[in-house]
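Here come two complexes built around subunit A, the first alongside subunit B, the second alongside subunit C.
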Partner chain A sequence: MNKGPTGRHSSHGSKDLVVPGDVITTDTGFMRGHGTYLDDDNLTASVAGEVERVDKLICVKPLKTRFNGEVGDVVVGRITEVQQKRWKVETNSRLDSVLLLSSVNLPGGELRRRCAEDELTMRSYLQEGDLISAEVQSVYADGALLLHTRSLKYGKLGQGVLVQISPSLIKRQKTHFHHLPCGASIILGNNGFVWLYPTPGQQDEEAGGFFTSLEPISLSDREVISRLRNCLLALSAHKVLLYDTSVLYCYEVSLSQQVKDILKPEVMEEIVMMTQQKLVEHEG
Partner chain B sequence: MAGLELLSDQGYRLDGRKATELRKVQARMGVFAQADGSAYIEQGNTKALAVVYGPHEMRGSRNRTLHDRAVINCQYSMATFSTAERKRRPHGDRKSTEMSLHLKQTFEAAVMTQLYPRSQIDIYVKVLQADGGNYSVCVNAATLAIIDAGIPMRDYVCACTVGFVDETPLADLCFAEESGSSLALALLPRGGQIALLQMDAQLHQDHLEALMDAAMTACKGVSKVLDEVVRRHLQEVSVLTGE
Partner chain C sequence: MATVQLSEAEKVYVLHGIRDDLRVDGRSCEDYRHMEIETDVVSNTDGSAKVTLGHTAVLVGIKAEMGKPRPAQPAEGYMEFFVDCSANATPEFEGRGGEELGMELTNTLYRVFNNKRSVDLASLCISPGEHCWLLYVDVLLLQCDGNLYDGISIAIKAALFNTKIPKVLITEGEDGVTEIELSDDPYDCVRLSVDNVPCIVTLCKVGPRHVVDATLQEKACSVASLIMAVTPAGTCTCMRKVGGGSLDPESIFEMTEVRGHDPGAPPFPVCPSFFLLPPPVPLSSSSPSSSSSSPSSFFLLPPPLALPFLLLLLFLSPSSSSSSSSFLLSFSSSSSSLLPPPPLALSSLLFLSPSSSSSSLLSPLPLLPLSFLLLFLSPSSSSSSLLPPPPLPLSFLLLLSRCVDI
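Moving on, here comes the complex of A and B:
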């Protein structure tokens, strides 16, 4: 008896949830995607999640997973190692990403060939522990990402707050750099690392992205950033998709509460509910 | 041990269970937000917590990376308050190292490591209360944690400890019953494949078959319970993320 690709239906609508070892189909006409494996002609799930069928391709999307980078993704990462001619960056993926010396903009914005001296002074540009924003240039065969910061909007990050959330909660958009009207800026990295920082005053060039100012940030800016951070944690706890509009609505809705109260579970729930309502109103 | 009957004439054990009855299993997934995967399980009075990190870049000794597979790194430890007498050395002693090695071997058989070359997967298991069947409960907890982390596995890995008293196999031993012969079996239930079989006691060869059958039946029972836990968790989380 050939079991068609219907599997088990949950009582909540059309979601098809499987666990490792569940046979999805015995029909050999399907191609197997991620999250599945072939066990004697049976297409079996290897992770717990939802079955996705696109024409003849069947894959299982797990509930949470490490970041799987694709070309063009914007990521926020932390330098873990300085090697010969390249840096290793931790981006919440299954292997550390690689940032080559030839893929960064040198201070001063010069365009010149990298010499031996540049190699020796790599540490003066980026050290272990520094945070950077970069774009994925390509993906190696084993899954490691190749990053580049060849644009003035990428580079070393200065003063701000990093929030780590699940990569599946970041919505893919045209741009991931936003200047929020509430007075702070946000970088929504596709890898789940979100960077909050005070909006830079003058929009002048920052010397190739390696110059970071150490001037003290005003109290009002700090409050805005703290509130945003707590809102992000509230939204991620309730698995709400994050993008500039949802973050902004959550911020506005939370203005009635004190910053530290946002972290209380009851307040979190209330705020998230109001945010979702507002999102539905404005976006249908 | 006068008066301590492991199996009464009516077929009841010390805690009132029948010979083939499992202890009550309660489990939860996703208990730690900062780990990739985590689970907490209680089997009767034995309680264990498992945490999984990975797959991630190999930390520590770089020469241990495998070019075609992920390395699984397991650490088993018992809380100092987990046993009747305070445990002076929670990890690093010989028993813990042996258990860690067994857990590593068990999961290397089930986790599809060839999908993650040059990576490392860390599994940390801690026994919070030890009342028999430590290895089995740890395997069950680690299975749930790995599923929670989204790491692909061929199938669940379910384990159970069984013993033999008065010609009857007893399933899911508690601490008092473990003093006799105890056999621990880790099974991949759907295919009936054995991931690990361990026993260090004396048992007559004729009884081995019956004991193995009892162990396999018990493991399949455990797998049903774990399955329920996973499906319930899936349902809850998918309701949150669904529109």
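Moving on, here comes the complex of A and C:
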């Protein structure tokens, strides 16, 4: 039994979960990190989460929190303001993220210095309420994120469905853009915003940028997207980690039910249990 | 009401989805979200209920107090409503932000209950002109995810059902002073009858169609909604239009037709559940002479009873191509779906298409058994329904009259 700095027995490799008020350690040699406070020489947790220890620094990583972005994260955000040479984007973080005019691709793909006219026509590119997918370029000192859409896979999003879930349920992966075999595509934003949309045809792949098609989507695609949306909500209600495989298994398991029944509590439980079983079977 | 921002493309997606009768969460235009109703949740009230409709949560508490009746109605008690939009529901309700919406909801509730039959106010009277029960109905919005009116009305109905008003004993004391005694026994109380309490249905017009139980997203795509309060008997106590857009009178009529299928208001008398017919009579060529005069006689029978008669006559009607199709007809009351079963439409199509050719009446007949099969075997034989498909007997009358008519 190893009585580590957490004050409770911890075998090698297991997580130490604490709740607010739990004493992490009574040893005064440690530095306080985020999520902790000193209470009469006892280092106590102030949030519910996992204890992380790096040498002499102890911090608690909370389970439910706003999105804390890091460089390279893929986010899906909604434009809230159009300002002078930049857009403010809501990404479920503590502060609105910033998207500079110089960080977006101009329509047509031309590379040039932005002029005054570009500034005046910003609203024709991105308006308030528009959804974009972007990448975090850097983090400001106050914690605000600087985004960019400097790649053809990022940009304004067209028709589809946005699902908002907790950022801690999104698994960090190599790629967050997936074309699911069931017939829809998904963008799992690190900030908890998941975007479901019909898989674009061959010619639409290169369009990128700011052209959005307003053609009606076929009924079969819509059903797939609605089912995926309900599966995502079911998985997030039961705190299952979301990544392409878990979403796909949940979709397959839910095929026996009607789309609208997935959100009923008893059906939800059943589906999530079967998904978890399948995940354990296939991935150990 | 709380609002969400949507991009143009998202709105188009929602619009097209509703047009195709498949909403974002997979519901059809006339489906409600999962609803949970709990009563007796607040202990220090006389009646309370909490309703969760999707993510909308409403808490209602009713307190009964003794007071003086209104001068205009001395032999009745009355109800006072108050809706509080809590800041927990959405940040827009912070401070005084929720007051306007609260006032609007309160005024609507007053209008809905402002009639003699919703709640029996005469039963709330203790002694005319002097004492009566006042019911203070307090509504608290805990979470706001669209469709507040429906949730509030259901919660009020549940809370009224749960209300226990203590029994009152009036005695004439000395000097003619009336004394009022409340019984001490907590179980000795009067319950209110909620048979006529109306439920509110909100119909949001999105594009060319209307939806029931709209989420905030769908609300953002709609321009106008119609709010109707209906009682189980089918009477409408209040009708309001909200929203900035305009509604064509045609679309209002269309919306009110839909209303007939919602669970709170079966407008047709509830037919007893159907029964199992005996194994079929094969189609024979010998026909009773009465069958030729059949069309007129159908209309005299009341619709539910006409059904077995219609079927018997169908079997016995003249047909040279006597395909003795033996099949078992089993009536099963449909599950509590809000729409009439889809196969009905299918069978109607089957019926109506051949009947246009007036040449031979025999051609529709073989189709009839098939459609019967489709019609009756597909609805699942589940629990008793509140609402058997009402148009069923009527359409059979019409359709069979076409086919059998010579």
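Note that in this section the second predicted complex is superposed on the first by the 247 of 284 C-alpha atoms of A that agree within 3 Å, B and C clash if a C-alpha of one lies under 4 Å from a C-alpha of the other, contacts with A are read in each partner's own complex, and residues count from 1 in each chain.
Going forward, a residue touches a chain if its C-beta (ideal position, glycine included) is under 8 Å from a C-beta of that chain, and two chains touch if they have at least 3 such contacts.
The structure presented is a predicted model; accordingly, all values stated were derived computationally and were not measured.
Based on the superposed arrangement, let me know which partner A:His282 touches: subunit B (first), subunit C (second), both, or neither?
Neither subunit B nor subunit C is touched by A:His282.
Of the two partner chains, subunit B (first) and subunit C (second), which one does A:Lys15 touch, if any: first, second, both, or neither?
first
Touch test for A:Lys174: subunit B only (first), subunit C only (second), both, or neither?
Neither subunit B nor subunit C is touched by A:Lys174.
Thinking of the overlay built on chain A, is A:Thr65 touched by subunit B (first), by subunit C (second), by both, or by neither?
Only subunit B; A:Thr65 stays clear of subunit C.
Now for A:Tyr37: first (subunit B), second (subunit C), both, or neither, which partner does it touch?
Only subunit B; A:Tyr37 stays clear of subunit C.
Thinking of the overlay built on chain A, is A:Gly160 touched by subunit B (first), by subunit C (second), by both, or by neither?
Touch partner of A:Gly160: subunit C, not subunit B.
Would you check which partner chain A:Leu263 touches, where first means subunit B only, second means subunit C only, and both and neither mean what they say?
A:Leu263: touches subunit C, not subunit B.
I'd like to check the shared interface: which positions of subunit A are touched by both subunit B and subunit C across the two complexes?
80
For the complex, give me every residue of subunit A touching subunit C.
78, 80, 127-131, 157-162, 212, 214, 216-217, 219, 222-223, 226-227, 229-230, 258-260, 262-265
Provide the residue numbers of subunit B that touch subunit A in the complex, in ascending order.
Answer in residue numbers: 36-37, 54-57, 112, 116-119, 147-156, 188-190, 227, 230-231, 234-235, 237-242.
Can you list the subunit A residues touching subunit B in their complex?
10, 12-13, 15, 17, 19-21, 35, 37, 39, 44, 46-50, 62-66, 80, 88, 90, 94-96, 142-143, 168, 238-239
Can you list the residues on subunit C that touch subunit A in the complex?
5-10, 12-13, 16-17, 19-20, 22-28, 31, 33-34
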